[in-house]
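Note that the chains are named A, B, C and D in the order they appear, and that numbering of residues resets to 1 at the start of each chain.
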Amino acid sequence: MNDTSPKKVIDVMMQNDAFSKWLGIERVFDGTGNSSIKMVVRREMLNGFDILHGGVSFSLADSALAFAANSHGIQSVSIENSIHYHLPAKEGDELTAKANEISKSNKLAVYEVVVTNQKNEKVATFKGTVYRTKNEWKV
Amino acid sequence: MNDTSPKKVIDVMMQNDAFSKWLGIERVFDGTGNSSIKMVVRREMLNGFDILHGGVSFSLADSALAFAANSHGIQSVSIENSIHYHLPAKEGDELTAKANEISKSNKLAVYEVVVTNQKNEKVATFKGTVYRTKNEWKV
Amino acid sequence: MNDTSPKKVIDVMMQNDAFSKWLGIERVFDGTGNSSIKMVVRREMLNGFDILHGGVSFSLADSALAFAANSHGIQSVSIENSIHYHLPAKEGDELTAKANEISKSNKLAVYEVVVTNQKNEKVATFKGTVYRTKNEWKV
Amino acid sequence: MNDTSPKKVIDVMMQNDAFSKWLGIERVFDGTGNSSIKMVVRREMLNGFDILHGGVSFSLADSALAFAANSHGIQSVSIENSIHYHLPAKEGDELTAKANEISKSNKLAVYEVVVTNQKNEKVATFKGTVYRTKNEWKV
């Protein structure tokens, strides 16, 4: 066990997470096994259809999953992820990603993430498995 | 049918694809139903573990899939994607994503993408489904 | 639109669904876009580890998804599915699969299914996309 | 390390795998990290559309993956699987599932499986991750 607070772990993760900074991620809630983060869609995140590149909504969801998974104080890395797209997102949209823990064992855990826009419509749903390493976060 | 060349379609897609530009994507091969692209991992693409953020390797694969899927001249959008991570990538690594068409019907098509590094090691494998709309690319 | 009741559509589907009969599926709830079904794990459903073969829990979830998706009266077929296993199931366990609609457009819809055992523990979670054909169910 | 032959491990697995027996699985090739198996589609495997229930093609692929993954002599269990359907299968079709290892580390391995019919058309493609336990197969 490890009583490191989720907030402290995610502080350290975010400090060194250059890509999450580029995304402009803002933390809404740091839970134990849960996380909520948000970002605003910028021009440079759009694809050739002038809508948000799927890779960016994926990245937001992936960061939410990473925060939720590492919140237990154990370094945990993604094995696989999948995403379903429900609605396009546009420049200026504010997206929120909420990650919830579905199951957790000694070495593995599974999370689902829902990405919604400012109207609370589902933009994407995401799911993923992490491998829980032997390393604790030193915070 | 549509005899638009893959090269012309992808020229137009890339012209307007701000995020693929940010990724620094370079086209290696524009095929009909296939695509190969590459990029170099930059500092700002790393996560809190100092390795490539999963969302960035996903994005590279997703762009390869988009080019392969749209190469037929029909506007096609991702429905769902999944990724498995095999090896971490680091700053300076050169990643290549090759997309191949597995199946294509009137309204749907499925692609798989392999992402390799400069040593030709598998970094990630990716799979996805697109919906083929009624709109042709005007190029 | 189509005001065919979910119950009638699923009656017809079940009548002809030999494999769902082999599974011993019992319907708990027939909703519009939702479905709940259950079955008991039998000896012949076990794999070489003496636990439920993954393909059988998948099949139960897949049937729940099919009932939920077709409940609107439009013939709908699976494009892709994914499953995460959380706990093994054993002979005699009673499994319930609940399917919920996450999104639905003209041609596509996405469902998630949770499979639980008689202790209400999560055994598996499942997700999938269907293609909505032009054919209505005649019931 | 473990020099148990794939053939011996799969002999033991098949002996106790009631559901693979129900499927009528016949082994074509037992490799190290690879497997090829086949079966014939029977009436009782069909769904309400009178085509092969998705859960059965999934089960065939899942068994191929299990044989490939356990062929190293280490007991390995599925964490997650996904399947894409390309063509329907009908009563009397002979389906072959070939599983290949994409990556393998100490605790995890990833496989892809292609399911083809007697005309060598792709019926489904399948992917999955296993967790490699500490237990060796005693054969």
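What we mean here is this: a contact is a pair of C-beta atoms (placed from the backbone, for glycine too) under 8 Å apart; a residue touches a chain by one contact, two chains touch by 3 or more.
All figures in this text were calculated on a predicted structure; none of them were measured in a lab.
S.K.: If you tally the C-beta contacts for C-D and for A-D, which one comes out higher?
M.R.: The comparison resolves to C-D.
S.K.: Taking each chain's centre as the mean of its CA atoms, which one is most distant from chain D?
M.R.: For chain D, the chain whose C-alpha mean is farthest off is A.
S.K.: Compute the distance, rounded to whole Å, between the mean C-alpha positions of chain A and chain C.
M.R.: Chain A and chain C have C-alpha centres separated by 29 Å.
S.K.: Roughly how far is chain C from chain D, centre to centre by C-alpha average, rounded to an integer in Å?
M.R.: Spacing between the chain centres: roughly 22 Å.
S.K.: Report, in whole Å, the distance between the mean C-alpha point of chain A and the mean C-alpha point of chain D.
M.R.: Distance between chain centres, rounded to whole Å: 33 Å.
S.K.: For chain A, give me the residues that contact two or more of the other chains.
M.R.: Residues 79-80, 82, 84, 110, 129 of chain A touch two or more partner chains.
S.K.: Answer with line, ring, star, complete or other to describe the graph linking chains that touch.
M.R.: Shape = complete; every chain linked to every other.
S.K.: List the residues on chain D that touch chain B in their complex, please.
M.R.: The contact residues of chain D facing chain B are 82, 84, 86-87, 102-103, 110, 112, 122, 125, 127, 129.
S.K.: Going by the contact rule set out above, which residues of chain A touch chain D in the complex?
M.R.: 79-80, 82, 107-108, 110, 129, 131
S.K.: Which of the residues in chain C end up touching chain D in this complex?
M.R.: 12-22, 43-50, 53-56, 58-60, 62-63, 66, 75, 77-85
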